[in-house]
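Order of writing sets the chain letters: A, B, C and D. Residues in each chain are counted from 1.
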Amino acid sequence: MTDDNTTGAPATQPLGAVSTSRVEAFSDGVFAIATTLLILEIAVPHVGEKGDLFRALFDLWPSYVSYAVSFVTIGLMWINHHYLIGLFARVDRPLLFLNLGLLAVIAFIPFPTGVLAEYLVDGDQQQLFAAATLYGVTMIGVSGFFLLLWMHVRRATGSLKNPAAAVPAAGRAIVFCLCALAAYLIAIAVGALAPVVSLVLFAAVASLFALGRYSR
Amino acid sequence: MTDDNTTGAPATQPLGAVSTSRVEAFSDGVFAIATTLLILEIAVPHVGEKGDLFRALFDLWPSYVSYAVSFVTIGLMWINHHYLIGLFARVDRPLLFLNLGLLAVIAFIPFPTGVLAEYLVDGDQQQLFAAATLYGVTMIGVSGFFLLLWMHVRRATGSLKNPAAAVPAAGRAIVFCLCALAAYLIAIAVGALAPVVSLVLFAAVASLFALGRYSR
Amino acid sequence: MTDDNTTGAPATQPLGAVSTSRVEAFSDGVFAIATTLLILEIAVPHVGEKGDLFRALFDLWPSYVSYAVSFVTIGLMWINHHYLIGLFARVDRPLLFLNLGLLAVIAFIPFPTGVLAEYLVDGDQQQLFAAATLYGVTMIGVSGFFLLLWMHVRRATGSLKNPAAAVPAAGRAIVFCLCALAAYLIAIAVGALAPVVSLVLFAAVASLFALGRYSR
Amino acid sequence: MTDDNTTGAPATQPLGAVSTSRVEAFSDGVFAIATTLLILEIAVPHVGEKGDLFRALFDLWPSYVSYAVSFVTIGLMWINHHYLIGLFARVDRPLLFLNLGLLAVIAFIPFPTGVLAEYLVDGDQQQLFAAATLYGVTMIGVSGFFLLLWMHVRRATGSLKNPAAAVPAAGRAIVFCLCALAAYLIAIAVGALAPVVSLVLFAAVASLFALGRYSR
């Protein structure tokens, strides 16, 4: 079995099974690319002759902030993702499809990030509310797929390495995901009155992901 | 041999042989990037001052649908690709070249996806037919390369881990690929009359890939 | 040593040595991304209302051809790259820096590919000559770095797995690289008279890479 | 433990620990993509009918220089990154978060590279100063995160493979990082008088990374 461990199909697994290492490799790729594509949303500013490039670069600060928040958010999701996948001894079909859904939402994040950066300064309140809503809905998608994945951990005890430890961890994670979902919903609602507050709440929820026991 | 299993050239293989793990790593990269680049086809909408950003974001729904369908389609192709590569004990030249051809078509998918998103709402019937045809032809390329790869599985019994199990599986997969090819041809033809029906058929074939015994 | 083989720093290697598997992982990433970025050079055509999208998509054929040739070329380079790296038991500094140079040229390929696609049909003879020259110079860069890498194989016998087999292979590869360099120079020169002939020669050299004994 | 070494969660590690190999895989992805995205900053030049494409391609030389310098810089950072990560036996939380911060700055590099290329020829002195400052500040970010990471190496002896060798190495690396930080600050300050000198200094610091004992 040793010499098979990088090919993803040990002889003892059923024909055509996808190994956890292959799922991780593909997921790592999507996470890495999604974070890196964020930079493409920041266009080189074109100031005319004698234009003030310092000023133009400074005025891009909403793009820098959006970039940083999204990069860190995706990075934290990556940490949590590996925690979760690492619990599984083998990949079953629901895991495969839920993971694909999660990755689709992760890879989507550069778009709301770009929209947010575009309207963070120049947009009016209504436009900023729209941008914040798009970002929040995307994060709800992320949290929702994590919720479904953790619910699957509790059901799929036969696929886990160590069900006795993983199931209680899944219980805590589910509570965490439900709180995150609620926080994102509140953040969006608050945005109707004060969009900037939404953004602070988004950053706060991301911080909770970093600080919480959950991702340890 | 143990300490060679990540370098792709165990001493017992002929000099310069490409290991299956290296083919998988390169392929994983192309699949992951192709899915992630899909998001670049969705441009940040520029509404003027007081413009309705909610509306503008909502009007992008064809882009979201195209993104989701293409992401899931490429994801399913990835699952099937690993199933197929996992059958091989060593990489021969036809596998290497057919795999390269398949990856070239997979990496092409963001382009027809972008065209489809562009013309799904604003395009007239004729333009939508053209966009659907481009998408269908691309999918025919994908199915065609899978067909050739499965035909190679049947021939290259000396390169397989377990020919007794793989050859019948290849037979079933060939039938599946031929059905998919036929379905894509029909979908394109139907598009001349009702392009929207093409799109429904494309999604249906993708679902079959997900639900069928083939990708289990 | 077994449990260290994926971390890139077996205890018996000097502190901070970069393993061949890490060099391959980074290189695989660059190769995979360079191939996949090629598609971004093909922009979604914007035809006006009632515009003929079939025609517009058909008129992009130079882009499709450039995409296919560059994808296959990078793919063949990838195969040759793994052949070469697989000869090494450990990574020395010249290998590290020559490899970085090679990757810089590989990652550059989407740019000349885009220029070629842009001027293949609409450009006049002089413009097509310029585009073909840029493409040829890039390929000379690729072949030149491969030449330097193979010359390093001959010198660095202490870093090789099997010097007795690798050194003669390097000799043959050096001859091959010199021929490729000469062919690219001739192709560029011919382009001054008939640019289209350059392109045919570029494709021919790529085919030699595929068919030759070298990449077997 | 052997058959777990690619899944990132050996049974003897605490539940949910992230392995060094997973951190390397994710980091490799970000490094590879950041280098490859650099090429997207070079747009295909559009010369009109009878326009001089040779001239237009030649005039892009600042883009080529910026591309090469950034590619080599990121490549050297990648070498140093693996040296550092390879010292760790297990990944602790500060390493995880500092690494994420470093990657965020690395993935940012295509943006200042694009700005520099844009203003290297056409920009006036003030604009070039701004572009050089942005590039220098980004490099200060890179050096700063490397400094923090090396300071962490000295503290986190319990996470290291071989603290007796790693701690003195970290001491030397910290001195190196402080020198690089100082050099970048001086380069930025000099840029107020002569921006081109900044660029020469940036390239010089990058060369030091390559030649110094540090990255050996």
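One rule holds for everything that comes next: a residue touches a chain if its C-beta (ideal position, glycine included) is under 8 Å from a C-beta of that chain, and two chains touch if they have at least 3 such contacts.
Since the model is a prediction, treat every value here as computed from it, not as a measurement.
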When chain C is superposed on chain D by its C-alpha atoms, the rotation angle in degrees, nearest 5: 90
Residue-number overlap at the chain B/chain C interface, same or different (half cut): different
Chain B and chain C: spacing of chain centres that average the CA atoms, whole Å: 24
Interchain centroid distance [CA atoms averaged], chain B/chain D, Å: 34
Residues within chain C bordering two or more other chains: 2, 5-6, 25, 28-29, 32-33, 37, 40
Complex contact set, residues of chain C against chain B: 1-2, 5-6, 10, 20-21, 24-25, 28-29, 31-33, 35-40, 42, 44-47, 49-54, 57, 67-68, 71-72, 75, 78-79, 82-83, 86-87, 161-162, 165-166, 169, 210, 215-216
Residues of chain D touching chain A in the complex: 2-3, 5-9, 11, 15-18, 22, 25-26, 28-30, 32-34, 37, 40-41, 93, 96-97, 100, 103-104, 107-108, 110-111, 114-115, 118-119, 123-124, 126-127, 129-131, 133-134
